[in-house]
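Below are two complexes that have chain A in common, paired first with chain B and then with chain C.
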Partner chain A sequence: MSEGAEKMDEDPQYGGCEGPDATYVKLRSSDNHEFIVKREHALTSGTIRNMLSGPGQFKENETNEVTFKEIPSHVLQMVCMYFTYKVRYTNSSTEIPDFQIDPKVALELLMAANFLYC
Partner chain B sequence: MSYRVVTGLCYFNFNLCCHQHCIGVWRCSTMEHDEERQRWMFAEHDERCENGENCVEPMNAKSPKLHRRVGHVAVKYKNFVVVWGGYEDDEQYDNNAYTREPYYHPADEVMLYDCEYEVWHGVRIHGDPPPRLCGATAGVIGDRMLLFGGFMEDRQLGTSNVRTVYELDLNKMAWKQIWADGVPPLACDKLVSWCYEGKFYLFGGFGPWPDDPGYYRDVRLAAHPGAMREDRCWNDQLVRLADGRWEWPETRGDRPTPRAAHAAALVGSRAYIFGGRLGNRLNDFYCLDLETMVWTKLEPSDPAAPVPAARSWHSLTALDDHGRLLLYGGFDALSQPLADPWIWSPSGQRWSPCTWLSEPPIRMWHAATPGEAGEVVLFGGLASSVLLDQPTYASGSVFLRETPKSLIRLCLDVLDANRETSVPLVWFTPSPLADGIIARLTACGSKPVV
Partner chain C sequence: MDIYMMIRRQKTTIFTDAKENTSVMELKRILEGILKVSPENQKLFKDETEMEDTKTLQDCGLTSSTAQAHKPATLVLCFRQEDGEFEAPEVVPYSTPPELPDVMRPQQETAPAEQIAS
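Coming up: the complex of A and B.
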């Protein structure tokens, strides 16, 4: 087989959650759901940025895990989706599409966004 | 659910959430729930409060008072935009005939736009206001807005250009006139300004031929050739107000010709000027380095690259600290209003058409300021040619974004769109976040969109 076809047979390689150069971080909700998102995306949140890069105050910057005792999973999931939307359309050269938010979640999401500074 | 909540003299604290942009505390009127119309509102005030406090009223985002204006000024101050002045056409029916007269917006009020919560407020101002003007220019130094020049049409005071400087203290919301030493600038309108290192710079303009031309030997003047206008001219004055004194700095390099209705933007220590009108409409592009006072004419590095058409009454806004600029709209050489946004890229030394909006609206003689990060907002202006008998005024602000809104703002939009269910929930929200939500929900009408 040609080289290209061989490469296609390999599993895609993802970065991990371990260590200071990890590509991914884990965000844990109050109801113990774990959301594994790209570190670059999570840094959209000013609060997470501080937690992950602060001078050792937070143990999060060693384990790349952040637990949010007050943010439930149905809200944290929307937050993660916002991170992707934000990164995708920053410096966008086209018109930015709307970000859909269920009105029932809007207030909780606002409080989470306020806390996360994003 | 019908209930009435009167919060008394509520201190409307703008130091909300974790943002440090505090403009101070304004005493507002009482906030009430209007059971009949089922909405929250500030109790209406027609005149100043008895104890002389400022009157702040939330404005409907669609109010014509906000958007029906041309020749106004708009400046960014902390997380707000201050909009003042300008005029619109007032149609009156008198003796079986319609007449159109320009109506100049009152000088003792400003429209304040909160960029984050997207809420407008009208604020009454104390002190000694300037005359009602169009075509003036303004800039912010610290907590003060300086206003120069402009054109007034007043039944009693007459029609004329002014060369006065007024200062609006943005903390106390009070006007006062500034008297400065030295040779004052020529009275004119449609000029540009910028503030650098505590100095207020002015450039260009259109106004009456000076009575005292001896003082202005270094200023080039170009007469307007029209029959009734021999006594008016374009100028290329470059003057700055520093510590209560007018200074006329010497410059070198490629000095731009006289012009008016041009546009300027400041990036760091460089002021950029584009186009304007000197008889014909121009599309030349200059940069003034405020450290060396050297003018440079900027040409795209690739001569075949597209450049914006010649225009006046457009806007130029800095996008970031690197020198990217956004040019919008204006009025072209064939007297047609324009709707094309362009972006100047300093690294590529070229103009490119801006694609952030799929259908950018026509705007001329509008004002543009940066909004939140990655956003430019256009206020007012015309959505048609100014030469029409009945020009079309802007019906709303225009937002140009290259970055998505913050999640806080997106949530506020959704809460705003679902007011019936949102309002009761606010009482379960911790203050001061609640204050921000209340601000947005009490502003009648939905978010400003074109």
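Coming up: the complex of A and C.
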């Protein structure tokens, strides 16, 4: 809590990855790539939402970091792009472009989407 | 208009968005909030061209058509090392997807199988 207050004084605009009100969260892939996305975007995934805002039993709740030991980086990259796409175009009246998926990645992406509930 | 980017450095990828008229300096401040590195110690590159602090993202070629939510533009980030020099831009590539099994290959002899899939 105090960490959050300090941040407000020195750095009035930009949040980081610390604390329960962090703007960003870190997603780690099986090959150790780190993907930093906005917390709001990551909450698109039901699984991540539960991990991050559960009753505090998950360590992820504190460090705002989630590690996916079965999801490789090329798939997690597409997942992150999907989060941005979903948040941008939900309830949007503008024309929504298609989300292109390379067939090679499609199967793994499907398994990740199933796990992530999004 | 909002533009969407992936900022990459070695094994880290940050997904963020900004307005087209945001300055490069402003973007570095956002990165400061996430990575805790001051803007003087950051260098951003777009396609091997260094991005100057005073320019806007639009001036560097990032527009709402080149940097979309589901197809973000890629920028490379470098930090200043302890010896005062900047590190060389380096990005660890993502994993590669496995080869497609024969039945999923696009239109060859197995046309009927393709139709069931779609």
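Rule of thumb we're sticking to: the second predicted complex is superposed on the first by the 104 of 118 C-alpha atoms of A that agree within 3 Å, B and C clash if a C-alpha of one lies under 4 Å from a C-alpha of the other, contacts with A are read in each partner's own complex, and residues count from 1 in each chain.
Note that in this section a residue touches a chain if its C-beta (ideal position, glycine included) is under 8 Å from a C-beta of that chain, and two chains touch if they have at least 3 such contacts.
These figures come from a predicted structure and were not determined experimentally.
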Message = Output check: A:Tyr14 vs chain B and chain C. Expected answer is one of first, second, both, neither. What do you get?
response = second
Message = Just to be sure I read the superposition right, which of the two partners does A:Gln77 touch: chain B = first, chain C = second, or both, or neither?
response = second
Task = Check whether A:Tyr117 is in contact with chain B, with chain C, with both or with neither, and answer first, second, both or neither.
result = first
Ask   = Is A:Phe99 in contact with chain B, with chain C, with both, or with neither (first, second, both, neither)?
value = both
Remark   = Larger residue footprint on chain A, choosing between chain B and chain C, goes to C
Message = In the overlaid three-chain picture, which partner chain does A:Asn32 touch, first (chain B) or second (chain C), both, or neither?
response = second
Inquiry  = Give me the intersection of chain A's contacts with chain B and its contacts with chain C, in residue numbers.
reply    = 82, 85, 89, 99, 103
Remark   = The residues of chain B that touch chain A in their complex are 17-18, 355-358, 374, 401-404, 406-408, 410-412, 414-415, 417-418, 421-422, 425, 429-430, 433, 437
Note = Within their complex, chain C touches chain A through residues 2, 4, 6, 11-17, 29-30, 32-36, 68-72, 92, 94-100, 104, 106
Footprint of chain B on chain A - complex, ascending = 79, 82, 85-86, 89-96, 99, 101, 103, 106-107, 109-111, 113-114, 116-118
Residues of chain A touching chain C in the complex = 11, 13-17, 23-24, 29-38, 41, 72-75, 77, 80-85, 87-89, 97, 99-100, 102-105, 108
